[in-house]
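Only one structure is covered here, and it is reproduced in the block below.
Residue numbering begins at 1 within each chain, and the chains themselves are lettered A, B and C in the order written.
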Amino acid sequence: MTLDGKVPSGPIETRWARHRDHLRLISPANKRRYTVIVVGTGLGGGSASATLAQLGYNVLAFCYQDSARRAHSIAAQGGINAAKNYVGDGDSVYRLFYETVKGGDFRSRESNVYRLAELSGNIIDQCVAQGVPFQREYSGELSTRSFGGALVSRTLFCRGQTGQQLLLGCYQAMMRQASEGRLKVFPKKEMLDLVLVDGEAKGILVRDLTTGEYEAYAADAVVIATGGYASVFNLSTNAVGSNVGAIMRCYKKGALMANPCYTQIHPTCIPFAGWFQSKLILMSESLRNDGRVWVPKKKGDKRPPNEIPESDRDYYLERKYPSYGNLAPRDISSRAAKEACDDGRGVGPSGYAVYLDFRDAIQRHGRKVIEERYGNLFELYDHISGEDPYAQPMKIYPASHYAMGGLWVDYNLMSNIPGLFVIGEANFSDHGANRLGASALMQGLADGYFVLPYTIGDYLATTQPGKVKPDNLEFQKVKEEDEARINRLISIKGSRTVLDFRIELGRLLWENVGMARSEESLTKALEEIPRIREAFWSDLKLTGSEKDLNQQLERAWRLSEALDFAEVLTLDARERRESCGAHFRVEHQTPDGEALRNDAEYTYVAAWEYKGEGEKPEMHKEPLTFEVVQPTVRSYK
Amino acid sequence: MRFHLKVWRQEGPEAPGRFFDYDVDDVIPEMSLLEMLDKLNEELIKKGTPPIVFESDCREGICGTCGMVVNGSAHGPQPKTTTCEIRMRHFQDGETITIEPFRAAAFPVQKDLLVERAGLDKVIQAGGYTSAYTGTHADANAILVPKDDQEYAMDAAACIGCGACVAACPNSSAMLFVAAKIAHLGTLPQGMPEEPKRALSMTEVMQEEGFGACSNHFECQAVCPKGIQVETIARLNRAFLKASLKRRA
Amino acid sequence: MAFLSNPIGKKMLMALTGVILFLFLVAHLLGNTTVLGGPGWINAYAEHIHSAMFAPLLWAARVVLLACLGLHIALGTLLFLENTKAAPTKGTFVTYKEAGLSSRTMFYTGLLILAYLIYHLLHFTLHSVHTSLSVSAFPPDAEGRPDLFRSIALSFQRPGIAGTYLLAMAIVCLHTFHGVFSSLQTLGLPGKASLPVLKRAGQVLATLLAAGFALVPVAVLTGWINL
């Protein structure tokens, strides 16, 4: 299979404009004859369905939540990048493009990233028109702040709830289209499968989560916007319902899974308190500006932190990385925390946490200054943990946060299956091996508002509208397969719960395919995953029936897909014998512990093709070429 | 810690419900209330009993999915907290905790603690938006927004649509929900032009969807996890009056 | 009609009629203070407002007040029924945080006030109860005016009657304790800063009003006012 990214050529500054001008269009009168399915209602799916409906298409939007407004984009805190250069600090489209390519450790497509940077400004204008209350200065102009990995101040924000406000903008735009009848929202329906007719994506099968009924929906194109897969690690910053099911079903129908090994671990989360925990809550990275990270020098030192004298503390980041200290990059500080805890020096009840101490900062600046800087974060921490960070150090631990990998798409955001489009975190396209802060919101909205609405027309113009109806035999076939799979889950009647398996898988991946990966750990995981899967399919215990509201069944189905996905993720991680961005192979590091890339052999996108149950997937390579930015050693020293 | 729970269980929308008693042992103070229910559910499944159905998603207080009446208060007794943010250390060891679904005619119980809240989406469809097209707009700084207005809009925009205001209101009114959206959009220059239409139609649809009227009890404000103020309701009343007078004229 | 079919519209009319009725009570209270001045004052005041010059005004006021009362009761009942339908049950036990006894009993205190109002009108306006105490049962005063003062004083000397009036004033207090501020809120008056101030002011006003009304029976009972 040859992977054609359909990337335009010529000067990078005008690639998108020229490409857009040559996309096929559908006349306004004809648009209403086309139906588009959008799965997921986060920033990608929400912005896409509102925009497509506004253009005149019939849009059917699906989500598993009880309202489109609850998609997990809502939890994004920090902000959204835009190359507006409002503060005149030298920002430009090129600089945002450059920093994103560099931040992604030279593993992304230049053309896609440039387009993203180019559209970043429009997004802000669009959101302001929708009434998103971005933070303002006393002049009435927009405020900006700086964020990790950037040398300029280009992040716009709505307090600590930027994702929420942007998502409500999308949601409200959707509700407007819904009131005008062009968009129909189907909450509480989970996509079970993609339906292909003559090799093209023509519909989906869903399960109504309230009644348990299977329902078929036909369309002229299908858009997947179901987010990432950080939840395969069990504990992540994702919502408890976030899952890999939809993209995994597309993969099994022939869509390629690209770079699944690129998973981002965020270093500052409220710690893990035990395996009972359902998720990990993110704390802004900005805390590391003033907090000092440490663990006790002695293993198993259970004294309260304030009773541990200076001489028994190991400020390991300052010790290992004297120049960057506590502000060492995300991946490095995450890995260092893991090492300390694996060494038995972790703190907290579970032993999986490190201290983030503000004692010295409070002594130096006074409590008032620290309160001004981090008051709301300290309050949040106190609220959750019951500990006062002014009096004793915070406990933090890294957590799985974001997926850079996802379904393979070309420049038009269409997968290798005609008619199947993938947007937002669900695709692999823009972040390479590592995503910079405040770029996820930008990508979701760029895809949904300003890219897909153009590119989908180019595909639709080649198809006959309404060609496939839900009574097509393919729907029946897919329904029978999926019904059988669900019935199989129900009929196992074993002894272990879904959560039990979810924890087992998550723990295995976290320990072997997490922050530090090795040939040995990955091989071990590849041996263990099939064993867990087999146990799952033979010893799962569910209650209730499939024709009912059955939350355990929903989770079991999602986990069954995560088990299959885990294998591709691990395989991809093993095959990529280099370190890049968030993918860290311990065998491939510089003497001072930095990621060591191998550009000669691995400057490609690894796109995996499903070959059937129990078969090893086949890897296809899309070579990456860098015409504008020359790959260099990514150093933030 | 150990707790005695009285949990409302109901097979379906039409079925009668009642309280069931459960004892949960080995609860860790750091656990959230929902994690304690997760734990209880694990034990129930192992015994072959159907687990308690409740909804949650982000588990960090922003998505608005979770919602239960805990010890007589929507989202529990602590102010400015969602159900998922409640930590068990706030309860006394050995305490009896009563857990019920959000109750309102507009929120029919689907099963156990899970209620249907589609009415809130319908209310937003009635005008809770600006009719801005996706496309080219003036630069985001072209229209200046006074900082105080932006802050006020943001206070109101923080609503997570959980429906606690409806659950706590003795009339099951959604006025705080409507008022928050109208205050958010109506304070910003981009949302002002449509305010009259919004004030009239959103309140009408609120009634059609089976929510009650506001009697100014202010229970909504007391339970709102995001601290939305009832002053927004006074603002909505003004907007409604202005819109009505305009319509007459 | 669109205005009235809207839940806010209904509430606004409720609030507006409520405010008018409250203002009437304030005027009524000012009139009542003449009792404290002795027979000369109150009897003169009563004769004055019943004089031919004021009769059209009095009747106009009566019509307006009756209309307000009717609307207030009709809308109140309608809203009560609608709200009860919207909230059939609020769970087994509910802990109230901001809603007080006053706000939660508005409909019931309203009904009690209606019952009291009928009694009060039968007593002092239509003279069809306690006829032996009615103004027509007494000879005119020294100036030849109907001796309202005597009627009031003798009525409230009976603990049963005084007690009923005092109880009624407690109920009026309970109703207006929430009602005054609630009306202002519904009419959209409060701003961010003024809301708590107005709320407290409404409560104080309601309490003062009821206390003012209670003053007359109390004054009679304690012997401060006697014949």
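Assume a residue touches a chain if its C-beta (ideal position, glycine included) is under 8 Å from a C-beta of that chain, and two chains touch if they have at least 3 such contacts.
The shown structure was predicted, so the numbers you read here are calculated from the model rather than taken from an experiment.
Engineer: Suppose you hop from subunit A to any chain it touches, then on again the same way; how many hops at least until you reach subunit C?
Structural biologist: The fewest steps needed to get from subunit A to subunit C is 2.
Engineer: I want to compare two interfaces, A-B and B-C. Which one has more contacting C-beta pairs?
Structural biologist: If we tally the contacting C-beta pairs, A-B comes out ahead.
Engineer: Centre of all protein Cα atoms: which chain's centre is nearest to it?
Structural biologist: The most central chain, going by mean C-alpha position, is B.
Engineer: Could you state the distance in Å from the CA-based centre of subunit A to that of subunit C?
Structural biologist: The mean C-alpha positions of subunit A and subunit C differ by 64 Å.
Engineer: Determine the centre-to-centre distance between subunit A and subunit B, using the mean Cα coordinates as centres, and give it in whole Å.
Structural biologist: Result: the chain centres lie 27 Å from each other.
Engineer: If you average the Cα atoms of subunit B and of subunit C to get two centres, how far apart are those centres in Å?
Structural biologist: 38
Engineer: What residues in subunit B touch two or more of the other chains?
Structural biologist: none
Engineer: So in the complex, the part of subunit A that touches subunit B is made up of which residues?
Structural biologist: 47, 50-51, 54, 65-72, 74-75, 84, 86, 122, 124-131, 133-142, 158-159, 161, 164-165, 168, 171-173, 175-176, 178-179, 185, 187, 210, 239-241, 273-274, 276-279, 281-282, 349, 383-386, 449-450, 453, 495, 497, 499-500, 541-544, 549, 551-552
Engineer: Under the touch definition given earlier, write down the residues of subunit B that touch subunit A in their complex.
Structural biologist: 28-32, 34-35, 38-39, 42, 44-46, 48-51, 53, 55-60, 62-65, 81, 85, 87, 89, 110-111, 114, 116-118, 120-121, 124-126, 128-141, 143-147, 150, 153-154, 157-158, 160-161, 184-185, 188, 190-191
Engineer: How about subunit B: which of its residues touch subunit C in the complex?
Structural biologist: Touching subunit C from subunit B are residues 19, 69, 71-73, 77, 98, 100, 103-106, 168-173, 200, 203-204, 206-207, 210-219, 221-223, 229-231, 233-241, 244, 247-248.
Engineer: Spell out the part of subunit C that touches subunit B in their complex, as residue ranges.
Structural biologist: On the subunit C side, the touching residues are 2-3, 5-12, 79, 82-83, 85-99, 103-104, 106, 178, 181-182, 185-192, 195.
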